[in-house]
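Two complexes follow with subunit A in common, the first pairing it with subunit B and the second with subunit C.
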Partner chain A sequence: MAESCGNPSSEQDALMLRRSKFDKSNICIKCKVNPGNVVIRHAVIASAECFFPLVSSKFRRALVPAINPGPIPDTPRKKKGSLKAAGNLCIGFSGGLGSSVLLDLVTESYFPSENGNTKGGSDHPRHHEKVWDHGTVCYVEICSALPGTRDRTEEVRALVSEYRHFEFLPLRIEDAFDEAWWAKVGGRGLESNMTVDLADEDLILSQSTTSDNSVAALHSYISSLPTQTAVPSAIQTLIRLLLLHTARSTGSSHLLLGTSLTSLSVSLISSISQGGGFVVREEAQEEWQPTVESKRTVRVNRPLRDIGMKECAMWAWWKGVHIPGKENYLGGKQGIGALTKNFIVGLERDYPSTVSTIARTCGKLAPKDSSDSSCILCGRPAQPGKPDLASPPPHLQNMTPQIPPVAPASQSSLTPRLCYACHTTLTSRSSRGSTASGNHINSTPLPVWVVSELDGVGHRKMGEKEMKESISEYLLE
Partner chain B sequence: MSESNVSLKVEFSGGLELLFSNQRSHKVAVPGTVPTKYNDPSSPSKPADIAFLIHYLRDNLLKERVELFMENDTVRPGILVLVNDTDWELEGEGQYVLKEGDEIVFISTLHGG
Partner chain C sequence: MPPRTCALCSTNRAMLKRPKTGQQICRECFFYVFETELFKPGDRVAIGASGGKDSTVLAYVMKTLNERYNYGLELFLLSIDEGITGYRDDSLETVKRNQQQYSMPLKILSYDELYGWTMDAIVSQVGRKNNCTFCGVFRRQALDRGASMLGVDHIVTGHNADDIAETVLMNIMRGDIARLGRCTSICTQGEDTIKRSKPFKYAYEKEIVMYAYFKKLDYFSTECIYSPDAYRGHARVFLKDLEAARPSAIIDIIHSGEAFEIREEVKATQKVQQTCKRCGYMSSNDLCKACTLLEGLERGMAQAGITDRGRKKLESEGPAPENLRTIPFYQPPSAGNAAILLEAP
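Then we have the complex of A and B:
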């Protein structure tokens, strides 16, 4: 028991004794027999033998409710029954700790080896019909977006080859600007080369007569972003959409990402601070519908969301999981991402329960209004009735000089098609002004899925009902 | 300081090995008794502990980017320490007294998801 600290003025070495992070004995809390090997949050101390089932159980609890088609239940599955996904499985692999552990866990749980290993009991999923018929591991190489970083594709390929149930599908981040990749994943042919003016808050669109190669287009896009914080946000969005379209093209009903509890808490706080509050629930799991007409959806699930990075590290160490590593560009030391990560990682060391509190609390949040549209850039629900983003918010209007009302964004503006977070990413300026350095800020290329969607609006044939609505005010009764 | 050394096996993982000559496993020998304050040889002696080892590794094996390994006289947040395959939180953290043949592992968790 900690003693009270002495009086520092009279006792030079009076120090408050540091309270132990766990307040029970060091016997494993699960088996209550073996001495513990690792402290997980405050009180749980798992022996090595008990640790693996504990982590596996948390992993399955987060994933299983989302496997079968149909609504995802709020409570864990009690009824035993077969698990069968509607399509294949795609695992988004970044090379980091979480995705390496995820791949190992998925293989162990759902793609059993053929060596007759019957560990797990008769109820273990591996003894039933295969949940997914085919698995793909998709890796997006981002070295083209971050000068000076190395290409890790071959290291990742070597790692994935050890998991022989999975097909390895490497992508590059510049594929987001590559028409050939878009055609390969079944995207509609692009009829125009649309660019956007990032210097204008209305994000005016225009047609460009020249067309850069995909790497040059990527560089133009990144260098035209207004802040250093916007760069990792933009890169994350590109990676997410590349994975989603790849999952769709491989007939996958599920896209699994290796976001641990720690990473999830970082991304929740970071996203909310950059305007992503409306989609806070989607940070944990979401259902993506490629187009309005599409019946097939891709469920994005983060089954490690209840497993902290410490637990992931212990799993990787004890199982001998090799981690290729990934670049951790978070917008520089003063970027929101880096500051948030430093804060959360420090919190996890000193107050580990607070990290799970962040994720749990955010999981209870829901927007007041439902969404009636998706953001053209990130594919996530966009808040309805977006306010005029060029005007100051109501509580500041009395404090600012009267600004002439901004003309409604025309059809040639990207702004009405974006969610608040993406609009902020593309237009927010720091107090020191924009850090955009490219020569293409007035004609910044757009990712292929955005161009395709814009093409569709510009060129699609109007239905009769829609045509009638557009001219209704001119019709005589 | 005592003349008898304590031989240890130190391992780095999770990318930390890049800071230590890209070598995962190291054999080190530290003095059995060390000053209480690392930079003050006149301070009272204590048995060598992990807190001392961390400073020793910084000064003798670390090749670059101290801030990626140490912060405020201990390992940076996000680095796990195992003592003979056990979480150092169960062994007293920096105050664990090193013994002959101990295996100390430093694992960085900062690779992300």
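Then we have the complex of A and C:
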């Protein structure tokens, strides 16, 4: 019984009856014969007979339409035909529940069985030409960014070695500042060493004469961030870009992530809470193109997006999937991601349908404007229009540092190349002011892909002529 | 080709195409429409007044700015009396004091007068669960009807940035696509509805409280006694946690809400706006939500307007009886409707 706002001793309806955990009976709603073992949302599903096919079919329904090149249809794929991806497969492996289950499901569904499993009928993709010629499992070790955490690379390597179809490709988060890694993934050579002044809300760029090693550069970057909430966002962006560049360099057409329905809802709300409404679609699925000139895209897919955390846990438990575990970098009480996760997981317990409602609602959204540029830091589409036009009215800008005035003409600024969410990450202050602690706050190193993009590109104040050009389509003379 | 003349003044040469409307207009007219986007001199504006901090500050700021900048607005206070003993009756006393303090005409429209039901009576029939559904639907319509009675052009409400951010989150969590698409608009106006604005859209709740505190404004501060909306409560706590971690989170959520819209294919599946066959108010079905809820109350089946099962049960009982109490037919806003009794100061 839960207490509402009334006094239960004097008011009868002040006590609200707790809902039963499932709707009708405890018989599996799929086969309607066996007693159920698991409660999923409001319904009961039986064990192996019904659970495994259900999860497998949700997994394939989310993935199959995105396998063949070309636009992804809105409706489920009906036509029978060969499934053949345009490139290889890269799985982003975090060591957590979702990615462990994903690796198991992908192996089971799309790679020849290790024990001669012939189940699935003659049309099963397992029995045909391989959908992806080559598979890579990419793991980003983040212990360098989080003091006091341990390196799990060898544990993950041992786990991945059990899946013989996949090559293991370990990365470290400091690779984001490593020129050698950048060259290895085919990045353009870096001519200069650009840094940014995170103490200045204009985000003024400058050339640095010294060059740190990648771990020191990572530490400088993290410690210069203005809030504790910015750290998890920054780590997440670095991991994402490391995976994307690696996927491209391995010739992968698909990067699969083990984001479950629960995690997807967390990501969506977390992104919206950080001003990422313009890229809400990309949180679920995106086509990433490293540069405009490059025609090769990496399709980022989350095939577990219809499968809740609980179902993933049941899958791992019943199938004996080993989960190496991962570091929690979401930031405790200070992190937007951690707060969102607590909120969503709590809601899922009391209101089981909410999590899927969030994902479905966000699936019906699209950005208001089309975008022809992408953010230099996160690589996602940037909202068109100058940032100062997208920001709240001037009187609010002092209170919540959003988009600062453009830098003086003689100096270059990073601001015009950032999306709203990344700009907020680099400039938003906590109520106690900046919590940055690094010595390099005035010359904070930038990830290699940012430096590469900035190389040779001048940034200046927008002149009157250029301003006129940006509104030229509305001017009659 | 001869130079085009301004679509608004038909005198000057058009200099630009207004991005918002596509109209070709001259520079002076552009300045004018830009500056008078929200209000124009002589507008009759109703301030939705509950006696709480937001609407009290709004009334004070509107009056102050109206006088300071000579906006020339005719301001009214419009209060809705939901009929909640021990809550609304107390807050209305505050509104009546505001009426005297700000020298503004006040109109109080009660649920009892409009629907024949007070919230006290509704709660005694439906219990505490879902009573907010009745109150929310009835209040929205009551505000429009009150404004129509006052013959005003525009309703302003005291929704602040925290409210808007909370509504964005709630609409996502409830899957309310239609509201999600419009909840961040500073100004909304349908074909048959009165223009509504939220001038405090970017004002943080804390700033509003601070403003009221330093200006020593007289406002009423109590939570509604019938609001056990645990679901919204969770969202509110979450938002406060976000704000504590990163103060810009509230404005960031609003920015997100402004940056997305409903996909075209989804828009096409949404119901077309029409008018309620029974009361003439805007509706997406034959009957508006308020009429459906009222019919359920009148026929002793309060769940009819809330659940599908309740609606089916109501339909299976046959058509509504002839003598069913209904909401008076809605008169679209016009200045001619203004001959009504206002509260005596």
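What we mean here is this: the second predicted complex is superposed on the first by the 413 of 477 C-alpha atoms of A that agree within 3 Å, B and C clash if a C-alpha of one lies under 4 Å from a C-alpha of the other, contacts with A are read in each partner's own complex, and residues count from 1 in each chain.
The rule is simple: a residue touches a chain if its C-beta (ideal position, glycine included) is under 8 Å from a C-beta of that chain, and two chains touch if they have at least 3 such contacts.
Just so you know, these numbers come straight off a predicted model, no measurement behind them.
Q: Can A:L83 be said to touch subunit B (first), subunit C (second), both, or neither?
A: Neither: A:L83 stays clear of subunit B and subunit C.
Q: Who contacts more of subunit A, subunit B or subunit C?
A: Greater contact footprint in residues on subunit A: C.
Q: Considering only the touch criterion stated at the top, classify A:V280 as touching first (subunit B), second (subunit C), both, or neither.
A: So A:V280 only meets subunit C here.
Q: May I ask you to decide whether A:S428 touches subunit B, subunit C, both, or neither, giving the answer as first, second, both or neither?
A: second
Q: I'd like to know which partner A:A366 touches here: subunit B for first, subunit C for second, both or neither.
A: In the superposed model, A:A366 contacts subunit C only, not subunit B.
Q: Let me test your reading of the model: by the given contact rule, A:N328 touches which partner, first (subunit B), second (subunit C), both or neither?
A: Only subunit B; A:N328 stays clear of subunit C.
Q: Which partner chains sit in contact with A:L198 here, subunit B, subunit C, both or neither? Use first/second/both/neither.
A: neither
Q: Examine A:S99 and indicate which partner it touches, taking first as subunit B and second as subunit C; both and neither are also allowed.
A: first
Q: For A:T227, is the partner it touches subunit B (first), subunit C (second), both, or none of the two (neither)?
A: Only subunit C is touched by A:T227; subunit B is not.
Q: Check whether A:G346 is in contact with subunit B, with subunit C, with both or with neither, and answer first, second, both or neither.
A: In the superposition, A:G346 contacts both subunit B and subunit C.
Q: Overlap of the subunit B and subunit C footprints on subunit A, residue-wise?
A: Dual-contact residues (subunit A): 346.
Q: Which stretch or stretches of subunit C touch subunit A in the complex?
A: Touching subunit A: residues 4, 14-19, 24, 127-129, 168-169, 171-177, 180, 202, 204, 207, 223, 225, 227-228, 230-231, 234, 238, 241-242, 244-249, 251-266 of subunit C.
Q: Which positions of subunit A touch subunit B when the two form their complex?
A: 21-22, 26, 36-39, 45, 48, 94-99, 257-260, 262-263, 304, 309-310, 312-314, 316-317, 323, 325-326, 328, 342, 345-346, 348-349
Q: Residues of subunit A touching subunit C in their complex?
A: Residue positions touching the partner: 2, 4-6, 13-14, 16, 74, 227-229, 268-269, 271-278, 280, 333-336, 339-340, 343, 346-347, 351, 354, 357-358, 360-362, 364-368, 383, 390-393, 396, 399-402, 420-421, 424, 428-431, 473-477.
Q: Show me the residue ranges of subunit B that touch subunit A in the complex, using the header's touch definition.
A: The touching residues are 13-15, 77-78, 80, 82, 85-87, 89-90, 105, 107, 109-113.
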